[in-house]
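Two complexes follow with subunit A in common, the first pairing it with subunit B and the second with subunit C.
Entry: the complex of A and B
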């Protein structure tokens, strides 16, 4: 089975794109990263309010996912409002735990604990990017890729 | 008598141009709880969208986002009690306590449903646009903790949407079946104009029979 992680968006609680990581993206975006970040955030914001209204029961979980014919989008939000969005292929299992580990082991360690990393702006830290890449590439979903 | 795993909560149909033309609530769970409070209350209520909503102080099944439905058995609508008194003012007076308050999730009004149904259209389109893989469709399955939404877009652009229990399997088949019913009882109805809200009794009846059959005997018999 071939599994793939396509890309990852990190947004802060105000909707600013804090980080964009790409591993296997076959279709290049038609707009620049900043514009695309706004589009993705706007969509997720609407999607979340849509979910809350349409749900037959009370939602207590801060994650959801959707799938199309080609990919699966996984969303997880920390209690502080940092949003992680990871696109994977359809056969990948739920990556909610992976997103939580990224938050805990990479975001908190190399962004929150880094005093020269300003909050609410794009993360330019190379150490963060490197650690994130290492974690994603060591995850089961990435390593089980055969091609 | 009834297996909860087979629950299909609602069915929506969104037309090619994005308007909601049909909605049907089949098996909508009722969430309500009543509790006696003393003064001061350990809940914070706020008037939002003409409803008194719990904004802080989740406890005993009363969740944030639920609406105040009644005080001591008197219904509360639009933030007001039946005698016209402001509900928030009534609750700020310690002399009115202890009071028994009933909270619950409110059913959506038809207007709200129209709004949500139409809101799905751009979400579907953007999901296809931001796809990391070429030639992707829009959202086919949207999964949250409490429900699963399935969407079937036909070649003609009509979307069939069903909201059901997350454990329910084989929803694609059911949506195809509903599409079949639509083709049979809506499109063949000479009094039905395309893109207009669906008001066809035969369609309603057959849809109801289909959903009830699924609940009773499962998807394999459809």
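Entry: the complex of A and C
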């Protein structure tokens, strides 16, 4: 079974793109990252309010995903409103836990506790990018990929 | 979900976090800089160093309450490397060197206040700001033990740093 993590977007509460990471993106985007981030955020924002409005039950979960015939987009939001969006392939299991671990182990450790990183701006820390890459590559979803 | 083995050990226990965050804010908030001299790095560093000095001066008093007298200067420095460092940074100094003439070099291979910032040359220019407080702590601690000294720090690659202690002899 081939499982892949394609890419990851991190948005802050106001919708600013804080980080974009890419691992196995086979089709390059046609616009720059900033534009793409806005598009992704806008779609997620609408989708989230749509889900809340039409839901027949109370939504307690701060995550959802959608799938196309080719890929799956997973969304997880921290209680403070930091949004993690990861695209995986269809056979990958729910990556909600992975996103939470990224938040706890990488985002909180290397962005929140790093006074050099201003909050609410794009993350330029190399250490953050390196730790994120290590975590993603060590996850089961990534390692079971047969390329 | 498989986690890398070191993943659990890197997280700071919540009780130490306020100090870490406060330290970061002291450096970057600009509270320590007076308005008209904004951006004067030396003023910031000396204020941080002084805060560290008072902290170290008081802290050593508290930490020594159960300790015996030190044999000599080296014994004192060893205490700084072991118990004192553990009390502040939850680890010991990794390497201690001395020329036996009043100069000591304390090396920390993963200095806590730098470990979250960078593991490369990135942000190296901010390094001195993160070390001034700790230089002051060491100087203050030694000062309360009757040893006057000059403490400077250097970083080659984060998060490794070295503190040079030069003991001032009364002439």
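One rule holds in what follows: the second predicted complex is superposed on the first by the 147 of 147 C-alpha atoms of A that agree within 3 Å, B and C clash if a C-alpha of one lies under 4 Å from a C-alpha of the other, contacts with A are read in each partner's own complex, and residues count from 1 in each chain.
Following the convention adopted for this analysis, a residue touches a chain if its C-beta (ideal position, glycine included) is under 8 Å from a C-beta of that chain, and two chains touch if they have at least 3 such contacts.
Everything numeric in this text was worked out from a predicted model, so none of it was measured.
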Checklist entry - If subunit A is used to align the two complexes, do subunit B and subunit C fit next to each other or clash? => result fit
Next on the checklist: With both complexes overlaid on chain A, does A:69 touch subunit B (first), subunit C (second), both or neither?
Outcome noted: first
Checklist entry - Touching A:113, do we find subunit B (first), subunit C (second), both, or neither? => result second
Checklist entry - In the superposed arrangement, which partner chain does A:57 touch: subunit B (first), subunit C (second), both, or neither? => result first
Next on the checklist: Looking only at subunit A, is it subunit B or subunit C that touches more of its residues?
Outcome noted: B
Checklist entry - Rounded to a whole Å, what is the shortest Cα gap between subunit B and subunit C in the overlaid structures? => result 21
Checklist entry - Hey, what residues of subunit A end up touching subunit B and subunit C alike? => result none
Next on the checklist: Applying the document's contact rule, which stretches of subunit B touch subunit A when the two form their complex?
Outcome noted: 9-10, 28-29, 31, 63, 65-66, 105, 108, 112, 116, 119-120, 122-123, 126-147, 149, 163
Checklist entry - Once bound in the complex, which stretches of subunit A touch subunit B? => result 6-7, 24-27, 29, 36, 39-40, 42-43, 46-47, 50-61, 63-71, 73, 87, 89
Checklist entry - Across the complex, what residues on subunit C touch subunit A? => result 1-4, 7, 10-12, 17, 20-21, 23-25, 27-28, 116-120, 122-123, 126
Next on the checklist: Considering only the defined contacts, which subunit A positions touch subunit C in the complex?
Outcome noted: 97-98, 101, 104-105, 109-110, 113-116, 125-127, 130, 134-135, 138-140, 143
